[in-house]
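Note that the chains take the letters A, B, C, D, E and F in the order they are written out, and that residue 1 is the start of every chain.
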Amino acid sequence: MPFVQIAVTKDGVTREQKQRLILGVTQLLKDVLDKDFHLTHVIISEVEPDNWGLGGEQVTDIRQRQNKS
Amino acid sequence: MPFVQIAVTKDGVTREQKQRLILGVTQLLKDVLDKDFHLTHVIISEVEPDNWGLGGEQVTDIRQRQNKS
Amino acid sequence: MPFVQIAVTKDGVTREQKQRLILGVTQLLKDVLDKDFHLTHVIISEVEPDNWGLGGEQVTDIRQRQNKS
Amino acid sequence: MPFVQIAVTKDGVTREQKQRLILGVTQLLKDVLDKDFHLTHVIISEVEPDNWGLGGEQVTDIRQRQNKS
Amino acid sequence: MPFVQIAVTKDGVTREQKQRLILGVTQLLKDVLDKDFHLTHVIISEVEPDNWGLGGEQVTDIRQRQNKS
Amino acid sequence: MPFVQIAVTKDGVTREQKQRLILGVTQLLKDVLDKDFHLTHVIISEVEPDNWGLGGEQVTDIRQRQNKS
């Protein structure tokens, strides 16, 4: 039954990495709460860095600043 | 006032199908809870099959396996 | 596969109404997109009227105003 | 700690407007709840007008109707 | 049309503070994107500190550690 | 930056289990995507079995049926 939504910035997450996230979360829910593997849904949403804000700034700007420093 | 979010895999849902989903859900909320048609919002999110996991697998892989069997 | 989240104000929705919403949405997705009944998840969240805002006001205040008029 | 999700229709929101939304919401949470600027996350999701329904209609159709009137 | 979801830890947010958040966000969307006041929905969800994790810890534990230091 | 939302049915998940879920997901995102531990947020929402539908039925009814069989 669990439903997991993972939001990350859109940074070229590979197919293989998505597979590891999906399997890892599903296994974790099995191990911790004994949830049925075949009823666990996971959705990965990839958010543009311009559309994600932290500390009042867009992630794009945070990263530019960090690259300059 | 209701807010409905429908997540489905990105499989070429047509405009007409989206219209039927929106009208159907809005009518359902009117029929069951007498909710105001003009205050019911519906958002349809279409998720890449690579980004949706079920039973620890990506939907893409589940479908490939099913097509082979 | 579909995952549907229905947010409504917390107004004493009965068990039977929840059942009708769940069945109705699941049937709609079957009818429109031929989705597998047994893979369709629906979550109903009931939000306190104080925690839902529309037009800059809390629903509680909107309703009080409407009741006085 | 706050996490804010802003869903708007995909209408060409500019980078600068996204920045103002992110800063504005983060400042609001600081002012009202004294939340730590650097722990406040904001995600802006832009939804296709075909995928957003109001009053049983797709926003696309609502806008077309309004433009004709 | 905008739909805003604000998740904060459940720390006794007052009615008045919720009202200020709702009005503030709605005004911000009016100012920045000229969105219709009467179509902007805001939902505030209050999450138990045990149910919110940051840096691999529950907020409850983070706060206990901070209170001791 | 990642934000993870885990929805499970409200079945008396213990504090310790929540802690293991939070740590496990945060570690997984570190291992797979090298995400910063201290920027990873996890929210666990516990949904009443009456409010969660699968296959057109409320989880409560599914469980009652399973217990009788």
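We adopt the following convention: contacts are C-beta pairs under 8 Å (C-beta built on N, C-alpha and C of every residue); 3 or more make two chains touch, one makes a residue touch a chain.
Computed from a prediction, not measured in an experiment: that's the story for all the values here.
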item: Of A-D and A-C, whichever chain pair has more C-beta contact pairs; value: A-D
item: Same-interface partner of B-C, chosen from the options C-E, D-E or A-B, over half of the pairs matching; value: D-E
item: CA centroid of subunit A to CA centroid of subunit F, Å; value: 15
item: Centre-to-centre distance between subunit F and subunit D (centres being mean Cα positions), rounded to whole Å; value: 27
item: Geometric centre distance via CA averages, subunit F-subunit C, whole Å; value: 21
item: For subunit E, residues contacting two or more additional chains; value: 1, 3, 7, 21, 25, 39, 41, 43, 52, 54
item: Of all residues in subunit F, those that touch subunit C in their complex; value: 7, 47, 50-58, 61
item: Residues of subunit C touching subunit A in the complex; value: 1, 3, 41, 43
item: Residues of subunit C that touch subunit F when the two form their complex; value: 15, 18-19, 21-23, 25-27, 37-46
item: Residues on subunit E engaged by subunit D in the complex (per definition of touch); value: 1-9, 13, 17, 20-21, 24-25, 28-29, 31-33, 35, 39, 52, 54, 59
